[in-house]
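Labels run A, B, C, D, E, F, G and H following the written order; every chain starts at residue 1.
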Amino acid sequence: MDEPALRQLIDDIRAGVLDPDDAVARLRRLPFVDLGFARVDHHRALRQRVGEAVYAPGKTARQCGEIVVELLAEPGETPVLLTRADADQVAASLAVAPGGEVSRRGTLATVCWRTAPARTGRVVVVTAGTADLPVAEECLAVLRAYGFAPALVADCGVAGVHRILASADDVAGADVVVVVAGMEGALASLVAGITAAPVVAVPVSTGYGAAFEGITALLGMLASCAAGLTVVGIDNGFGAACAVARMLP
Amino acid sequence: MDEPALRQLIDDIRAGVLDPDDAVARLRRLPFVDLGFARVDHHRALRQRVGEAVYAPGKTARQCGEIVVELLAEPGETPVLLTRADADQVAASLAVAPGGEVSRRGTLATVCWRTAPARTGRVVVVTAGTADLPVAEECLAVLRAYGFAPALVADCGVAGVHRILASADDVAGADVVVVVAGMEGALASLVAGITAAPVVAVPVSTGYGAAFEGITALLGMLASCAAGLTVVGIDNGFGAACAVARMLP
Amino acid sequence: MDEPALRQLIDDIRAGVLDPDDAVARLRRLPFVDLGFARVDHHRALRQRVGEAVYAPGKTARQCGEIVVELLAEPGETPVLLTRADADQVAASLAVAPGGEVSRRGTLATVCWRTAPARTGRVVVVTAGTADLPVAEECLAVLRAYGFAPALVADCGVAGVHRILASADDVAGADVVVVVAGMEGALASLVAGITAAPVVAVPVSTGYGAAFEGITALLGMLASCAAGLTVVGIDNGFGAACAVARMLP
Amino acid sequence: MDEPALRQLIDDIRAGVLDPDDAVARLRRLPFVDLGFARVDHHRALRQRVGEAVYAPGKTARQCGEIVVELLAEPGETPVLLTRADADQVAASLAVAPGGEVSRRGTLATVCWRTAPARTGRVVVVTAGTADLPVAEECLAVLRAYGFAPALVADCGVAGVHRILASADDVAGADVVVVVAGMEGALASLVAGITAAPVVAVPVSTGYGAAFEGITALLGMLASCAAGLTVVGIDNGFGAACAVARMLP
Amino acid sequence: MDEPALRQLIDDIRAGVLDPDDAVARLRRLPFVDLGFARVDHHRALRQRVGEAVYAPGKTARQCGEIVVELLAEPGETPVLLTRADADQVAASLAVAPGGEVSRRGTLATVCWRTAPARTGRVVVVTAGTADLPVAEECLAVLRAYGFAPALVADCGVAGVHRILASADDVAGADVVVVVAGMEGALASLVAGITAAPVVAVPVSTGYGAAFEGITALLGMLASCAAGLTVVGIDNGFGAACAVARMLP
Amino acid sequence: MDEPALRQLIDDIRAGVLDPDDAVARLRRLPFVDLGFARVDHHRALRQRVGEAVYAPGKTARQCGEIVVELLAEPGETPVLLTRADADQVAASLAVAPGGEVSRRGTLATVCWRTAPARTGRVVVVTAGTADLPVAEECLAVLRAYGFAPALVADCGVAGVHRILASADDVAGADVVVVVAGMEGALASLVAGITAAPVVAVPVSTGYGAAFEGITALLGMLASCAAGLTVVGIDNGFGAACAVARMLP
Amino acid sequence: MDEPALRQLIDDIRAGVLDPDDAVARLRRLPFVDLGFARVDHHRALRQRVGEAVYAPGKTARQCGEIVVELLAEPGETPVLLTRADADQVAASLAVAPGGEVSRRGTLATVCWRTAPARTGRVVVVTAGTADLPVAEECLAVLRAYGFAPALVADCGVAGVHRILASADDVAGADVVVVVAGMEGALASLVAGITAAPVVAVPVSTGYGAAFEGITALLGMLASCAAGLTVVGIDNGFGAACAVARMLP
Amino acid sequence: MDEPALRQLIDDIRAGVLDPDDAVARLRRLPFVDLGFARVDHHRALRQRVGEAVYAPGKTARQCGEIVVELLAEPGETPVLLTRADADQVAASLAVAPGGEVSRRGTLATVCWRTAPARTGRVVVVTAGTADLPVAEECLAVLRAYGFAPALVADCGVAGVHRILASADDVAGADVVVVVAGMEGALASLVAGITAAPVVAVPVSTGYGAAFEGITALLGMLASCAAGLTVVGIDNGFGAACAVARMLP
């Protein structure tokens, strides 16, 4: 239900067309389409600007496809995305909704059927190591879906601090920086120290020894000595991209 | 051993038919059938009203079948259920005990051979996302086995709060509400805030980033700001259904 | 805002007295009183039947008193309670709202200013050890505030299993049983095995060796082999009482 | 060392005034003042825009004062702040640097000696409960130091969901929303669902039962079903304010 | 209720003196004395041989005294013990039950009013460091109460492996060895390797760096490479002594 | 090196046959055979009475076989055992050392080549559920290898407390009881309450909801309210059997 | 960029050949080669003496090969190593860079293409059990690549303490000792007690019962009662070897 | 027992002065003095070069003094140290052993009575923040006791990376670097990247938000992307100094 529909409803009450009991009931509800197994939230883009992406894990391949079709049925400029989909889910969704662009993320994929208009904010995605690239790729794919043209600066872990310092100007000049790092995640603190831009840290489940599937990087980023760093969940490249979409016009 | 059998035993003592030593020994025991690898507890329904379900994991396919047969051998109105059974266990059990109704739960299944008489309590099962459906399905299957006709309200996570508000009347009018939610599990708090009914929260091992296989949802539900919420173990749709069976006549 | 006020609002829309823009805004809100530091929720009792209790920790003594006064200002039959209050908070609240009944819980206290009408449900509170009594006391105080006359069966830990078996009839005959237990929390499983009533388990932060401030009892209750047991947070006697209030008429 | 000083250095090299060995050494360093026990980073504001605040815990009262004096010695518009200071640290600092404005945070305090010029971004700080106010106060104090005029919306926990819906317009119209919540932290997910603005979530160490000193709220916020939410450390109102200062012009 | 009383009950049933309903009820119960706040288990010594000790924490000083008096009222050879009592609890108990022998355990104490007859088993208690002595003292006091004359071998941590090897004959010749160790708890593995006797390991909450209040020692003992080692809870010298009392005649 | 060999060495020193330097070196060593990848400890049986079993995981199939052959090469009455061996390890070992008796433990196996002389101690192994049987089977196989004739009492979980009470006489009459239990592990506390014998508790990694791969059972057993219970590691049926071998003559 | 290149740069500034702006930018950077997905750090050997090894997990087989080729392209005496490579990664790397020597580590492998000149330090690697050998093998392979000729002393766990004492002279005479141990990791404490050399402890993810994938060994080593022990991450044989390379000339 | 005493013993055996049984017993022992509550290990310095320091926590003030006196009674060049002593322990020790030099560590102190001869190794201790100084002070005091003249570089956290780069030459030129850091501990990784010397990382229990009393820094250092970093326990400045004493001549 969009703004005009809401005003129509109020007019119906005034005109006596709508029974008061029904009005009370309807006014407490906002619009979505109920597929039985999912309530597709067409209104989310108005409320959150980031739209509703389809998170594939735990859904059947068929359910993925049906939700994508429903989202595409609603006209608009909001991206339509399927994330962390396995091969079956990708195939089933493309079968019913052809034309999606597929980005790899390890054995999983991000698929994008509709892209938002181009946006001008400068977004830099920095990774600590080569093994962090799959998570960075998910973030880049979602950023592109939201209209950004993000830059990637890869393999800048603090054990060779000159590597990130070599890209210091890019980092300092960004509107938002996303830092994708596993192991001890120290890169996020260092980056936040050389830029005035918002820094979104994404802990990654890479590493060994005591990396504990990303928990060490997560804790390190949350306990960072650099003020104003914010953090998303482990491996959550998607969430970091959505955070950027909220921050920039 | 039911009530009449117990009274017979007392009469035997009075009549001097039973030796005092034997009486002491027997009176300290309640009845079950010992299959060697399992002690099937026919008396449980009298004590707990919820009967003894067969939890499949860790049992051989053959053991599952033998226990089901033993449970069916005892007449009564208690449901006879096999839960979280894999394909082999389902097949072996149906081979020796035909006629069970199979409900899917991801790669596992719930099988029901005997259903309790219909009960009138209104039970609503709410899920936060589509990925929570397998756990909800187990809960629904067990509720139906106990004689309920539960309603399902799916995909109402708090990120689109209007979705649950749209079903607020159903939730408020229920006799018990079961909330099945992964990720941060916030839906349970919200639902408990809009109904006076008992709310049983089931944390689910879905989610990513920092969901930690359901631990985050579990902790969130236990720490809920909504008073009077109670919680069962992760993914324990069966337990939630049994809790409902205890709460309603 | 109660039912009549809501209907008046609808009438005002119909009569054109209320501007549509204002109507949209107001209809999306439910009533509460804003004290600046707290939004006192007079409507909660209608929605949840359990009312809003004042949880003292983290509030100043003065804030406790002001909220209690506000709650008492609303006529009705809902209990008015202050929980886990320290000596200062109790004194400050009784100074501005005389007449509250104080129940001890270790160094903290529960204060009740208004009690609900008597309810007939039989509630039994069982504790595993003497050290669990403070948490049980909080639960009993809140149950009495909600109109129940709960029974206490103390010190029945499973290491002396005959102690709980001696009270087996009381437990079996209850409408709800609350089990309050620290250490390994095993009593909850045993009690759930000898009653058909709902069992609400409260883990307690007593014990030593590997009790870990109640975490061991909490996990044990959640992993219980007894079907249909539900659990609240550690030391949450208040929450258990509220759960009972939801379960019984 | 600011931009002009850096250019002077390059000029000195060109003019042969500066020895190459010294130039290599100096060019690899950025400016700070070394107090022996602390290296006060005057350059931080240029790099990060958020300046260097003095985090009091672990420092002696005298050290706090000396660092504040050093920061004030450098002219500029960067805020000068002392955070989480106890009574001794506040007194010692005000003794050597009079004129600081003190904001309470429970038993600790934030002191601000210099405030940045006014900024126009609309910042809304939402709290779940009254017990979250001390952390919110720290955040508000730091936001004011950075030139913002933040609004506070207190006591909007999801157990009474109408309370936050009553402030939905304020939340939806903000440029950034900070959500401060303990217990299960569910409010952050709900708020992120009703605004398109960036949402910074601050988990708080309040709550009981299974709140575990803020860990439950932290995990819940990181695992949130609302896309684009970012999180800072437990009770870190300061960090959330710095994040806002990075996000807004 | 002892053996003769039980036989009398059976005789009453046979003679018709006892109503069958009452007989059923009584036969399901074993004897204890109900003090209201505690169910004192006089029967425990018959069942477990280790009697019921009074664990002081969480009990009021008065409750401690009343339970001790009740235990002493029952004649027998079972030890009567109060453990981990603070100064108030010790004083209150000795006031109503004079003559108890007090053993220190840091700020707490073990008090023994009645000692079992002397037993001949050779028990050796080994500690890793001087800081483990308080826990060892509790173990020694309880062992003496149970009639043993335990030997103490102190300060034999593995960092100076010759210290335990110097006592190797004592350890090898013992009937049971109790190893009390904090930090990494490695001494238990080493001791189990040089004796054929049962080894009971008690992790202690001493240590630093990564000792985590005894958790590291506990885990190390449970994961020991020495076969047949068994473990009790952290700091549980009492439990280790009771285990010894079960193992030896 | 056994006792006579040691005396010969001393005689050689006295006779001047052995150089003092060599004597010092040799006297500091006890005997083992070095296979390069393993130091087979023939002396262990003298020191520990439980011999050295071959723990298969992490060893190659060939290594398993070579160590078994080496152990069999030493005459004696100590059991020769291979534990938790997979199919390849079993086959490789039987190929070089025929005649071993294989006991299943889920997908793994215990193999016994040599059995100790019969011992008379009565050992009872109790399990909480059918799913605990594989761990109990390992324990039984090792007990038989050590010469015991253990009894098995299966499926006695506390949710049907009469099942263990029905075997109360067996449990009370045992010389040692081993309790094998997953989920919340409450059975160990209950058993320890009805027997005076040593109770060795084995937590099992079965269960769901909040069983956490046996951690919940482990913690519950360590925090048990029953005095004198001792615990081994998760699923460690082998360790429990070795503990029994230490306890009984 | 090496020392001469740096001096050339300074000369260019003095001569006016280099623009000041460019000079500032270039002087803040140190040299590496950017392959797009990786920034190969040729300078690391100068800074750290240990060179840059290629950690295979998370990299594609092709990426592994390309980085190895790039490292070999730089002349020098630094080892060129690929660690924890699976079969595909090994094959792809040897295809583009023939001649590497492969050392097994369970299913993974270490490959070495270039070895440093021989070094004279005596390094002893001690393992607690046969199952620790794969981690020790990685450590030995990297030590050999760095020019050492390390000795291996295998299977010396503390449960048979004479086994390590038999090698006490080797351990005492080493320049550095690396202790590789799983389960409770106690061997590290014991070894540190019998040598004056630096001891580097490597916890291993072997063991059962409560070994928790190496966490128990890790904690035990960090909490060791032996002063001056240092620790690396779980299974990190590579890191231990690099630490040795830092310690010895 | 030193080398000559050992040879005398062998001579006594050869001469027949010593009975063989006694010889066997004595040869298995190394020397220490048994104070009853402690076995003072005079031999440790010979074995470990680092001597035996007295760790005060858990010892009575009197015990601290007695052990110090015993250590001083043995002539030599080994340092005599009391660590983490509270005011009572310091006073009691200085009363019986005057002349110790006291270094503060927060509310605790290190006391040194005897210092080793001067050693020439260059040791640099780096801290991330001012709050890390107490742990660094302990490390410095112990290093000085071992004869080193360590340098301190304070307050170099990575959020202002130029601060550590300004001291890069000192760090690169050191023989060993100790990094003392709380919060996320990232400084250790960075330092290990700019020096070829051994780096010993000491996690510190400072920080907030998600520092978890040093666990986050500990994990970050163990999972570091910088090869060859080694780690000691949380706040263990003493252990780091002992590690340095092992590494340098």
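Note that a contact is a pair of C-beta atoms (placed from the backbone, for glycine too) under 8 Å apart; a residue touches a chain by one contact, two chains touch by 3 or more.
From a predicted model like this one, the values you see are computed outputs, not experimental measurements.
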item: Count of contact steps on the shortest path from chain D to chain H; value: 1
item: Chain at maximum distance from chain E, centres defined as averaged CA atoms; value: A
item: Which listed pair, A-G, E-F or B-C, duplicates the contacts of D-H in over half of its pairs; value: A-G
item: Centre-of-Cα separation between chain D and chain C, whole angstrom; value: 37
item: Whole-Å gap between the CA centroids of chain A and chain F; value: 53
item: Distance between chain centroids, defined by C-alpha means - chain A, chain E (Å); value: 57
item: For chain A paired with chain H, centre-to-centre distance based on mean C-alpha positions, whole Å; value: 49
item: For chain H, residues that touch 2 or more chains besides their own; value: 28, 44, 47, 129, 159-160, 165, 192-194, 208-211, 218, 222-223, 226-227, 232-234, 239
item: Interchain contacts, given as pairs of chains that touch; value: A-B, A-C, A-D, A-G, A-H, B-C, B-D, B-E, B-F, C-D, C-E, C-F, D-G, D-H, E-F, E-G, E-H, F-G, F-H, G-H
item: Chain H partner contacts - residues on chain G that touch it in the complex; value: 44, 47-50, 53, 172, 192-200, 218, 222-223, 226-234, 238-239, 242-243, 245-247
item: For the chain D and chain C complex, residues of the former touching the latter; value: 129-134, 154-156, 159-160, 162-163, 165-166, 168-169, 206, 208-211
item: Contact footprint of chain D on chain G as seen in their complex; value: 6-7, 10-11, 13-14, 16, 20, 23-24, 27-28
item: For the chain C and chain D complex, residues of the former touching the latter; value: 25, 28-32, 36-39, 41, 43-44, 52, 55, 57-59, 63, 67, 84, 218, 232-236, 239
item: Partner chain A, residues of chain H touching it in the complex; value: 128-129, 157-161, 165, 183-186, 189-190, 192-194, 207-212, 215-217, 219-227
